[in-house]
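I've put the structures underneath this note.
First chain A sits with chain B, and in the next complex the same chain sits with chain C.
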Partner chain A sequence: MKRVQFEHSPIPYLFIAPQIIIIVIFFLWPAAQAIYQSFLLEDAFGLSSQFVWFRNYTDTIFSDAWLQAAGFTLVFSALVTFLSLALALLLAVKANEVIQGASTYKTLLMWAYAIAPPVAGLMGNLMFNPLIGDLYAFMNTIGFDFDHKLDSVDAGFVVVLISVWKQVSVNFIFFLSGLQGIPKSVTEAATMDCKSSFRRFWTITFPLLAPTTFFLMVINITYAFFETFGIIDTTTQGAPGGATNTLVYKVFQDGFRGADIGGSSAQSVVLMVMVLALTVIQFRFIEKKVHY
Partner chain B sequence: MKYVSLVTAGFMTVAAPLAAQTDIEFWHAMGGRLGEVTEEIAARYNASQSEYNLIPTYKGGYEDTMTAGIAAFRAGQQPNLIQIFDAGAATIINAPGATIPVADLMAEHAGGFNSEDYIEGVRYFYADSDDKMIGMPFNSSTPLLYYNKDIFAEVGVDGPPATWEEFEEMAPKFADAGYQALAQSHSPWIFAENFHSRHNIQMATANNGYDSTDVEILYNNDALKMHWTKVKEWLDNGWYGFYGRAWGDNQDAFVQKKTAMWLGSSGSFGGLAASTDFAFGASYLPYWKSLTDEPYGTFIGGAALFAMSGKDEEENKGVADFLSFLASPEIQYFWHKETGYVPITNAAYELAKADGYYETTPDAEIGIIQLTQPGGEWTKGYRLGFYVQIREVMYSQVDNIFSGEATVDEAFATIEEEANALLDRFDATMN
Partner chain C sequence: MSGVTLNSVRKTYPNGAEAIRGVDMQINSGELIVFVGPSGCGKSTLLRMVAGLESISDGQIKIGDRVINDVSPSERDVAMVFQNYALYPHMSVRGNMSYGLKNRKMPKDEIERRVNEAAAMLKIDQFLDRQPNQLSGGQRQRVAMGRAIVRNPQVFLFDEPLSNLDAKLRVQMRIEIKKLQRRMDVTSIYVTHDQTEAMTLADRLAVINEGRIEQMGAPMELYSDPKTLFVASFIGAPQINLLPVRYDGTQLSNGSLAFTGFADLPQDTDLVLGVRPDMLRHDPEGQFELRVDLVEQHGGENLVYGALLGARDAEGDDLEICLKGPQDLLPEMETVLRLGFDPSAAFVFRKDTGERLL
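Moving on to the complex of A and B:
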């Protein structure tokens, strides 16, 4: 049987070409380079190079430092994602109900959005400075023996706090617009049926926000994995004892500080696979529960 | 015709000096005040001659500059001259043919080179195992003890401690008066590398790594573990302040009078003078009397300049010419006075003495005296690959000692194991 062939013009290809070219140059080609480099052991200047199969992988991934960073990254990402979504949702719901001065509230909650992670990190670092930091003094005044320079839980608290603070406003904007997208007729009908606003929220509002929540979850996990790099670099730099080192920061430390190109490439490839797996899980299993 | 030749002649006079000038790219890591002084030296060089045009470019911190240099080299866009710091020395020196040894470059283009012209403490650090200088020491510093004279007078302590034993005697007095006795800004540099030099203890096999990249670290030794056991005791007694791994945070503790003494760099002098509102003095890095009767000289810290390969003869000649200019006594003296880094040549040191600089500012001489203190077998320096990562391991294990998460023995066993794995990896990149 002859397959049906449709004649089509090459113009659509021309239209998508710029996008494809950008993807190839800025994503596929570097990714291919990283995979290639991850099998090579080279001196930093690239003057002697040898193919070593999986040595870069075994050297780096089985090291205690990498495993520690992997553990922290997972806990950190889970905490940052959950807390920044939960807080933003709470704030959005409350701000949505405000009638007097609503736009002031909204603006105030939104404007941290414009702050870049390294700047947020620098400000947080200043506030937690043992000599002049107000938050450091505050934590110690209210009875905590707070010392993020040496205590790994305290250091984790600092980076989570700053990362969540930075991300809440982004989530807030999306949740707020999500809430405003819920038809008034639905909420009014619900109000007649059910007195408890708490139950109305979980049975009506939250399910209707599911597409927004799912989208934000994907965005936030990516944020926690990659973009918090700037916050780690300007605050703890992985200290104390590597307890706040994330996988991305370790790639940077080994590759850009330590000139170990093979080792850091291997780590990037593993990271790439991890994020790919995570994305597949999100879209295959969690998205099924989302009703658009 | 006459007009044409006039016009051509006009162009010639304007264009000739420009066309004949060879550009020399110089990448450095000197920011802030240090960057200004570096720019000033470049400007003076360009004004002093017309053949070459030196273009200094600030590339960020030490690691950033090294990474930029590596990336540029791999792309065939390397600068003529690059500043590489102590911990990165093994990376660039061991890369076969990435640089032209300055000793060779100067011998060929600048009418000879004699390493004896350079002061003892800086002569060997950036040299190969035959003492041939590969990099030209540029900003050379050494760890010094700074002390707050006002606090010393207040608690009734006469002067800074020469030994750690003396330190332990005076430390309780500061604690009683509500001060921490000591803080310190770079534990791998001051309390590991220079600890070995100060007590003339071997740091690594293969002649501290100078002879081969097949090398093992010897940090898991009793002397160093004893020192760190003590430091942990000091911390627990409240004698020692730890303000994190950032250089500035610990320096600030001294500036804000939390601690009576601070271990920093000889290059910190200018910054302290500008930021303190009390009288402070500089003194030598203390040593353990129990380990050595007389202290040995320290290593230099800071960075050196490397001439990158793959450039044409004319440019290499320019690099050699600039390096001679840089090593001249007048420029070295200027650099020394403006930044606090030590002068690298004997002639520059003599000039500073003859000028009476040390009579007015005796503290400025401490660093250079310490560097020229008797050298031993293990005071030349070290050459260890992936040393940036090894320092990272040190930092994190020191945190663990301080927080009590690891004992000193456990921490140093980890340091040894992880550092040797890194050295092994580095060695493999060289085959």
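Moving on to the complex of A and C:
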């Protein structure tokens, strides 16, 4: 059989060119640079460099500081993802039930979406300022010996709190629209089939929200891994003693503060592989359980 | 089995809108009642109040002897079939049908038995492990029915269950619903805006208009003895011909047309003469003439539409009427047919109140 041949026009390629150019300049090229740099050892002034094979990798990955940052990143990401999803879901379910003044309520909940992470960090910094911070004072008044400058758990608490607060509004918007996408008659049919609203939520509403939840989970993990950089940089800057260093923040610190270009490149390559693996896992294993 | 009683039931929304303005009704055990009316008349609201999906502002709803005003929907012992099926998309057909039973802590083997029985009854047993999105509209409708049947409730509620189906399937399912309801002998309330569906399904019909029951009775009773203009115009397809007329003591007149054979009617008010298309007949001695605009051939019968010569409607335009005739009644366009009818079979209504006088 003869294949149908269509005239090829260059126009479609022209249309996707801007996007391709952006991807090449801002992703592929830096990624290639990072991989190349990760095999080099460079002196602090960038005057000479030497090819060292995998030494940058072994040096960084087996260092205590990197393992600590990796551990913190995992705990931090898990906490931020879980808490911001759970809170947003709770708020969305409640907001969906509100009839009077619903739009005001929703607008107020969405507001934090407009705030950039570094600004959220700055605000958090003020609130946890030992001299004028209300939250700092509050935590100490209710009996905690709270000092995020000294205590690593307290510092973790601060960055998690700010990151979650910043992210809840995004998740809220998606959950709310997800909830509104559930046909009213399905909810009503469930009301007639099941008395307990708690059980109804877990057997009907939550499974129907699964696509939204899955999408948000991917977005939130990425957020926790990368975008919280701004929050950490404006609050703890990895202190105390690197306890709140995420992997991304450590790449920045080692590369730009420590002038260890090779080491930080190796770390960012490892990070890239980790995120790639994580995404594959998410789509392979979790997406299968999602009903679209 | 038990009936349903509605005692001066009202529904007022917080913004003051009245959806249901005092409905009294006694539905006998095992009866199939159809609520019919134009959209927005409150028929679905009333059904949803029985289901528990809308609160009852005033009055009382009883199933058997139990007042259910404040009983949660799942404990009213009613099952509902929704217009768009409302199947749980993430559950298999079996899951959909057993969900309500599982929540009632019914033993597994009993659930299994009931689901299989209902599935066999509805001929969906080979689809039990499919997801709803793998089924056709008619099959989904059956699953929705199955979900109601397995509950073995005291009352079935149907909210326009066939309006998403194509015409052929609709007729088929209509017959099946009727048979099923007869066999199971469960009190049922069925909401529709389709008057054919209403006429054919109902043991008794309730014509609802603006939140009130206009008339309730057996389908043929409503057809042949409508109490109001609204009921007469709503029941019957094709629709009844309505002619605005005045009475002068001896005859009903509209423009140059006059109809004799009517007596004892008020002379000081506008009246409406109602003549069903099948009451009109082609008659060379008839009282009036029709200029033919259109003939619809329905197979067994023809519907002839045209303007009534000499008469004007309320806006002063030609008065369009419809005549139902045999299949050999095939007049050319623009020809004039002479028509007649039996005055004793026609209805006369007051225009202002809609009340029937004759």
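The definition used in the following text is that the second predicted complex is superposed on the first by the 275 of 292 C-alpha atoms of A that agree within 3 Å, B and C clash if a C-alpha of one lies under 4 Å from a C-alpha of the other, contacts with A are read in each partner's own complex, and residues count from 1 in each chain.
The criterion applied here is as follows: a contact is a pair of C-beta atoms (placed from the backbone, for glycine too) under 8 Å apart; a residue touches a chain by one contact, two chains touch by 3 or more.
The structure presented is a predicted model; accordingly, all values stated were derived computationally and were not measured.
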### Query
Should A:Val186 be classified as contacting the first partner (chain B), the second (chain C), both, or neither?
second
### Message
Per the contact definition in the header, classify A:Thr203: touching chain B only (first), chain C only (second), both, or neither.
### Response
second
### Query
Between chain B and chain C, which makes contact with more of the residues in chain A?
B
### Query
Thinking of the overlay built on chain A, is A:Asn129 touched by chain B (first), by chain C (second), by both, or by neither?
first
### Message
Applying the document's definition of touch, where does A:Gly238 land relative to chain B and chain C: first, second, both, or neither?
### Response
first
### Query
Same chain A residues contacting chain B and chain C, which ones?
none
### Task
Could you please specify the touching residues of chain B with respect to chain A in the complex?
63-64, 66-67, 70, 73-74, 88, 91-92, 94-98, 242-245, 249, 252-253, 256, 258, 386, 388-389, 392-393, 395-397, 399-400, 402-403, 405-406, 414, 418, 421, 425, 428-431
### Summary
Interface with chain C, chain A side, in the complex: residues 183, 185-186, 188-196, 199, 203-204, 207-208, 210, 291
### Task
Using the touch definition up top, name the residues of chain A that touch chain B in the complex.
41-48, 50, 52, 55, 59, 63-65, 129-131, 149-152, 237-242, 253-254, 256-260, 262-263
### Task
Flag every residue of chain C that touches chain A in the complex, lowest number first.
51-53, 72-75, 78-80, 82-84, 86-90, 99-100, 103, 147
